[in-house]
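Two complexes follow with chain A in common, the first pairing it with chain B and the second with chain C.
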Partner chain A sequence: MIKVFLIVSSSGKIRIRRFYDEVEFARQQQIEQKLIVLTSKLSPNSCNFFKDLDGIYDKKCKIVMRFFGTLYFIAVIDEDESELGVLDLIQNIVDLMDKIFDNACELDVLYHPDKMNALIDEIIVAGIVVETNIMDIQEALKQQETQIKNK
Partner chain B sequence: MSSGSHLSKELHDLIKSIGETRSKQEEDKIIIKEVQQLKTKLNEKNMPQKKVREMLIKAIYIEMLGHDASFVHINAIHLTQSKSLALKRLGYLCCSLFLDNDSELLILLVATLQKDLTSTNVHIVVNALTAVGKLISKTFVNALTEPVLKLLTHSTDIVRKKALMVMQIIRQLNQDCIAEQDYDDRIRRGIQDKEPSVMGAAFNLYHEELKKGAVNKFKPLTGTFVSMLKQIIEHKLHKDYDYHRFPAPWLQIKLLQILTLLGANDLKVSEQIYEVLGTTLRRADDTTINIGYAVTYQCVKCISGIYPQQSLLEQAANSVSRFLKSENNNLKYLGINALTQIVSISQKYVLEHQMTIVDCLESNDDTLKKETLELLYKMTNEQNCEVIIQKLIHFLKTSSDSNFKKDLFVKISLLNEKHAPTQEWFIKTANTLFEYGSEFIDNDVRNNFFKLLIDNFNDIGSEFGVFITEIYSELLKNDLQDNILKIVCWVIGEIGSQIYDQDPNKLNELTQLIILKLDSQLESETTISWILTCLAKLQSARAFQMFDQTRAIFQKYMQSKNLDCQQRAIDFYTLAKFNAALKGSQFITVDPKMQFLDAYVQQERQRGAQPYNPSLQVKAAALGSATEAPSLNFIPYSDTKYGGNKTGTFGTEENKLTTQNPSAPTIAGPWDDTGYNQKQPPPPKPTIATPMSIGSTTGIGSNSSGQTTTKTTMQSMGSGQMGLNTNQSQSTYVPSVRPLPPKEDPNLKEKQKLANQLFAPISQTQQQPSQSTQKKGITTMAASKQMNSNINTNQPQQPKQTAQVLNLLEIDEPLPIQSSQQPIIGTSQGYVQQPQIINQKPIIAQQQQLWSQPTAQIQSIPQQQIKSYIPANINVDQYEQLWERNQNIKEITLQSKIKSEQDFRKMIQTININIIEVIDQEIICAGANAESKSCVLLYGSYSLNGSLELKINSTDPKDAEYILALIKRQFC
Partner chain C sequence: MFHLSQMDQIFLKSLADVVRTSRTTSQYDKLTFTTQTIADIKNELQSRQESVRYQALLKLFFLAMEGNNIRWAEFQIINLMGSGDFQLKLGAQLAAHLVIDNQSQGLIMVTNVFIKEFKSSHIECSSTLSCLGTIANKDLSDSLLSHVLKLTTNTKPLIRKKAIAVLSKIFTINPLNIPGNLEMVIQQLQKETNISVLACGISLFCSIMKVAPKLYPLFLSIVYDQISKQKSNWLLIKLVRISNKLISLEPRFQGKLIEHYTRLLNQTNSKSLQYELIYSIMRHFKNHSQLYESAGDILKQFLNHQDPNLRCLGLECLTHISTSVGLMEFQEQILESFKKSDYFSKLQILQLFKDFTNQNNFQTVIEFFLKYSDMESNDKIIESLIFIITKDKFINVDDPEKLLLVYIPIIAQKIDSIDNAIRFKELLFELLTRVPGLKVYSDQLCNQILQTYATQSDSLQGPTLNIVKRHTQLKYSLNHREIIFKSLIMIVGESVKLLKLEALTNIIKFLEQLNILNCYESSLSDIDSLLFKIYIQIIKSDPENQIIPQMEQLIKNIYTKLHNISIVKISFFYESLIQIKSRDQLQQLYNLFEEDLPPINLEAQKLIKPPEGLDINKSFQIDISEIEKIKNTNSDYIEQKQLIQQQQQIEQNQGEQQDQNSEIQIKVENEEELKPLNNKIDQNANKIFIINRDEELPPGINQDDINKFKEEE
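After this line comes the complex of A and B, so read on.
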């Protein structure tokens, strides 16, 4: 399962924060800071996976990181989750953002936390990836938006 | 970009100003100002919806930056009651983000949630479900279970899917909410759902259940999952579920995870899986997209997780090896991980890719390097260890990353210990390793290495000793780093001095080399301490001649500013005097019978003194209160009467004992308040101060406690364990730590065991005083190793000879050169020992028996004469005293039928003596010969595998032989 999903700007500011296990706010911030430090290890050709050897979240966990534009997408996953699967999931999320925000950028994430979170909620429920079909998610989100607009 | 056109300039400005701040302080200032504005505005009534929305978004932003925005929580809850979907959604989102599961505000939310879950608007339901999934807690789980379960049959798939997930959370929180059967039915209906997305969600629930351990319950469903996977890979699902034309990869991954858990350790289930697994792997292999690799990886994980199947393992290893050759580091990483999994099942398939794996170490990616190292470590075996270690050492040489080097260093040394093909190779590799990784040598590494060497030395004997001394004395001729020099010093001092104990030329040569090092450039003063210690050890060798030089050196360093050096120099200087004095000591004979007193005794007796009769007292001891003879009282006095002063019980006898052992005024036996704490029952020596003190470096047992100083230091040197914890190495003397099991070793052991069994009665008789004297000195020699050292007649016994010198100081041991009774036994010893090695040539032994009659006699005693024993009623203290008085100790380790205390008791009953005390697996017993009333003390330690360690101490050696023979006949 996915334990943490974060979107962080390249300046080290949190843009989206989702913790799927109960974690105290203070510890959440510690974890975030350490993960942000870890982003410095990511370079274009390096491996996107890290083992959480230092126990940032839990020593059994793995960390998947991916950089798009100005945003780092970080997922902390447990040992069962497939690293490569999550990497493609991040790709999926970015594709969806592009479709919903029409060429997404960091500001969209900032201005529309509600839409962004709704998007993530469609894909990850309680830390488990429930939907990966972009078409379905897009459809569901579109319906919501039209309803909001109509009212 | 769709900029927030509907958003006000305020939010835009806030975000912009935060973005422009240069310090945390500036940011904090802005936020504090903003929070105050928000607080006042939120309290205003009739705020337009749009404004409220914006304010909440600001609050999210503020909280995201790590500031407190709790003032807005109540507004978020208000918002959930809004009729507008947009506001409701934002309200629920804020609640999910801001509130903890135990927040008191949640109770305000329950009614709204209940209402929204039953709404006719799908999107309201979905949002409410999402919020329930995040916020549900034990306190109101009951209130929400019913509406959630109803949604499982909702007409929209998005709702059914989410309801399934929420149902799982509910069950996790409170099992009573949904009955097990009901729950199982509902997930089963989930996988039967016509919508694949709901089915996918249900897979997650199965996976979670399986992870929790409900494997057996779901095993019957294996077929269903297999056929689902089959349908997916055959493109039976709708095209919508393809991802880059690859059919539903995430569903495949999930199914593979489920199958892995179902098939683990179960051949029957696994057999159902093999076929589909092979096909899935093949199809995934055909793609060149990332997600295809993800499926491949999952297949490999599955293959290594279920009951192993050869062809699949091979297929998996081949697929994965392609990952390794990829340019993409992610794939390499997964490849390494996958191979690590396969290797734990079987090394065979991975070994082919060995060199590809090694090349991954060249990567500049830290994660990858670490994983590779881990894999290499796991896949190294006896065959490939030379190649792999060579490669690893190459990386150690070239790498500049010190963390990685440290890892490498540790792994190489472990591998070397485990798999080195020969001792020579082991030592050479260790030296290369130390050379390139000298910065990583710390006390642990060093001590571990020393322990390995000394264990090997004890096992293999002089050959190994000569070998390593040669290697290290060669090394001495080069310039060495301090860390390595320390090791060399230790080896030369510890092993070299034993090996060349009798060889003055070699000793001189070694000493010269070591002394030269004192003049070389040294990094730290502690190294000098090591060198001094080495010299001290060398000078304790018998053939050492360079006392003048060493004394000069010690004298020089007595002025050293380094306290450690100084202390050592002083100690060793003093020792040097003793060593020189002891040179002649081998010709001194100590007469334990004190015959020089005979004349005096004669004289006294003529004057009318009572003759001294030790057997009287032994008898008394053995029979305890049963004797009528008015003799000594062996029953303890009550504490008050006794006053805690134990001396005096034995009268003059006791005094004699105590004067012999000045360092142990009270009875120093192995049994104390805490129980039995030493292997060798009667230790007539001052105990060695185990935590070798002085300075930071380990080793060197100079104990500064007054008169015992010299003795203890010499002991630790003589026993060949300086620098190591003597007691520890003794008690942990188990084969598992032996790093270099020489190929012939097990055989040899077998032979020894056999020889032991065949010839034990004879060899036992041979273990007359001279033998046991030696043994006592070498505390570190485990009983089982005795044979080993006996084989190589002279050389390996040298350490013992140093020990012998030591025993001279302790007086009461019988000595090799003895009075008239023993020479026969003494001479025959050399021969009768031989059968242990030359057991194919019994002729020699027979010949021997022909012309040494007494041997035959002794041998036949146990069979011909039947002795009987009676129990002796004594206590532990008396046992100890008796033990120290008698020195005819027979030690033997047998492979016996005795595996429990009961067995042991039975054996003791058969002999008809009685048990005095039992502590764990160690038992002491005492008895007396029914005829002669001579005393027999027995110490036994059994173990569950049947190895039985016995020590029999008897006034009359024949008793011990008889009992041993009895035990061997009936219990081995």
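After this line comes the complex of A and C, so read on.
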């Protein structure tokens, strides 16, 4: 299960925030701050996942991080989720963003929070990855757009 | 789609406007800007224009990402969820997780809204299920359970998979909902062909195993069924993961999986599936040598792989080789990979060695990590090394002498954080308590560590007091250098009786350096008490007064440099001088204490009234002539006392000499008898330091003594 999913800019601003377990607002901010600090340790040759030894969320969980352009994609996962699977998932999200926004960048995430959240809701529901096929997800999003236009 | 009227376009601030204004607003005006924006949004959310309300919703997203609490908008968002317009409804459902939590009162209103949406088109139903998955609480789950269960039989796989995902949340929140309902879901999954739906089903089983593990027999067959026929890597990964948990609950399941694991291991090229398989095999299939060996070969490939992620996963697998003998095979590879690993992989390797270091590889491990520590991971390396040394009461340490004289000084030099300095201090104290014989080396240790502090110019720069923010208060905290300095001073102070004169004089000469006294201002009282202990020891061990004058001069130099001399310490100092030294020697130090004592500060009298008849403005000292009279009578008394003491000592010495002479005679007689036996004993036996691992026993007390005492009782 995915416990937390964040998209953070390289300047430390949160662009997308999803907590899939019940966490208090104050604690959410604490967790976000500590995860943002960890992004500074990520380098092109470093490993993309590591154990949450400091107990930022939970010592039994792992933190998966990936950097694309100016955005950090951060996921906190428990022992039921595959680390390489989540890395693939992040790659899929980025590919979908490219298809929806035509060469996506940070500003697209900033100015279209509704589309970004809709995209993530098609992939992760209640912390569980429900779909990884890009075509199926795109199809579902297109159907939503059609429904909106046909109002 | 929303089209804004011309008037709206003029006055309405879009999300882009708000973002632009936020970026150009200074920090001081941020609060005003945020307050104004929130006021605008509150107005806009009540507008009749759907376009205006939608813009307000988008701005709410932005405010939430900026860190503002937007829970005040809960009612408005719930209201929007019941809107007739799909875009507005969808937007509200996507924003729901930002405003609604477990305790929200408004969730009751959502129930009917959701029930209505579940009966609508599959697109609306799908977005509603996603929203429910985020905001569900106990009451909402109980009221909507039956509706969600119906949706698991929907014709669209999109609805079925989301319904199963939501069910996992419902069952986790309230496990009482599981019995009766789970069987229905399993029956449907047995007929299911869509991979996404099956994957959600496996995730559902994983969630159930956390809250009700005893229900595992219900889904054992479906998991086995899918492993034997499934070809999708994504689903197989989930199946292998859940199989790990099932094997630990039902060991017989392991036998059934051997054939399928062997097939999958040979066929698959997917690294993620390979990793899951070798992880499972390393953990549960140690008795099956062929499978274990093939997994071991793939594990070696992972450890040598160029991709740091795969190397990291390989290290993860190694944590499940339970014996350190098994780890020794891979030790060289792991240490080699440490040199080129990133920060996170290094942490993982350190964790591995924390668990698996033993006496055999202790030296190799310590020397390697001390050699290859870098700035980024230094802190964690030192923490891990201290853990390895102190683990299970120094169980890994077979040569405490080498540890103290070789490794500990190097570790001390590399420490650069307060937490590690405190751990280092505790390590030193524990080691010297458990091996009291090592105290003889305390001066050597002190010199080795403190000499580097004295010569490294950067370690003597800057204050050793840090201002640290604890919660909202600023507090002073010693930095790592001072913590180590204080602990070394204390250890030397405790070991003063065991040290030679030369060692003690070297310590005093070291402390006399002005830069040391200026740098470690917070430790001046510790230096003070150490000097006192050293001085007393020197007096006892130098009866011929050869070194004492030189030492006194050094100590006097230090005291003149120290700014805060404690009066109590000086009085003790003076008392011991009177007892031990002659009058001439006392005269030399008279000048130190020549000054008048200062009068009582008037401020001190505010709360306590002085006794009646006492004039606080009068000086303490009465008449100098009076003092001289008292002195003379005292000095006569002191002289007489000394004469008496000298006579007593002479008599004592005579008595002792007689005893010694008789002893020597007896010894000579015995030695002639013991000569043939003594020749067999090795006169130059090596020193052996044994670590006392008894729990909470002070040194010098044996467990045997305690047992004897208990038996007697």
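Just so we're on the same page, the second predicted complex is superposed on the first by the 150 of 151 C-alpha atoms of A that agree within 3 Å, B and C clash if a C-alpha of one lies under 4 Å from a C-alpha of the other, contacts with A are read in each partner's own complex, and residues count from 1 in each chain.
Methods note: contacts are C-beta pairs under 8 Å (C-beta built on N, C-alpha and C of every residue); 3 or more make two chains touch, one makes a residue touch a chain.
These numbers come from a predicted model, not from an experiment.
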Checklist entry - Is A:Ile148 touching the first partner chain B, the second partner chain C, both, or neither of them? => result both
Next on the checklist: Quick check on the superposed pair: does A:Met135 touch chain B, chain C, both, or neither? Answer first, second, both or neither.
Outcome noted: first
Checklist entry - Is A:Leu84 touching the first partner chain B, the second partner chain C, both, or neither of them? => result both
Next on the checklist: Output check: A:Lys99 vs chain B and chain C. Expected answer is one of first, second, both, neither. What do you get?
Outcome noted: neither
Checklist entry - Looking at the overlay, does A:Asp108 come into contact with chain B only (first), chain C only (second), both, or neither? => result first
Next on the checklist: According to the stated criteria, A:Lys34 is in contact with first (chain B), second (chain C), both, or neither; which is it?
Outcome noted: neither
Checklist entry - Across the two complexes, what residues of chain A are contacted by chain B and by chain C? => result 13-17, 22, 25, 29, 41, 45-51, 53, 80, 82-85, 87-88, 110-111, 113-114, 117-118, 121-122, 125-126, 128-133, 136, 140, 143-144, 147-148, 151
Item to check | Residues of chain C touching chain A in the complex | outcome: 1, 15-16, 19, 57-58, 61-62, 64-67, 69, 71, 85-87, 90-91, 94-95, 97-98, 101-102, 121, 123-124, 126-127, 129-131, 133-134, 136, 158, 161-162, 165-166, 168-169, 196, 199-200, 203-204, 206-207, 234, 237-238, 241-242, 271-272, 275-276, 308-309, 311-313, 341-345, 347-348, 351, 376
Checklist entry - Can you list the chain A residues touching chain C in their complex? => result 1, 13-20, 22, 25, 29, 41, 43, 45-51, 53, 79-80, 82-85, 87-88, 110-111, 113-114, 117-118, 121-122, 125-133, 136, 140, 143-144, 147-149, 151
Item to check | For the chain A and chain B complex, residues of the former touching the latter | outcome: 11, 13-17, 22, 25, 29, 41, 45-51, 53, 80, 82-85, 87-89, 91, 101-105, 107-108, 110-114, 117-118, 121-122, 125-126, 128-133, 135-136, 140, 143-144, 147-148, 151
Item to check | Residues on chain B engaged by chain A in the complex (per definition of touch) | outcome: 1-4, 7, 11, 15, 19, 57, 60-61, 64-66, 83-86, 89-90, 93, 96-97, 100-101, 121-123, 126-127, 130, 133-134, 158, 161-162, 165-166, 168-169, 197, 200-201, 204, 207-208, 211, 240-241, 243, 249-250, 253, 257, 290-291, 293-294, 297-298, 329-330, 332-334, 364-368, 370-371
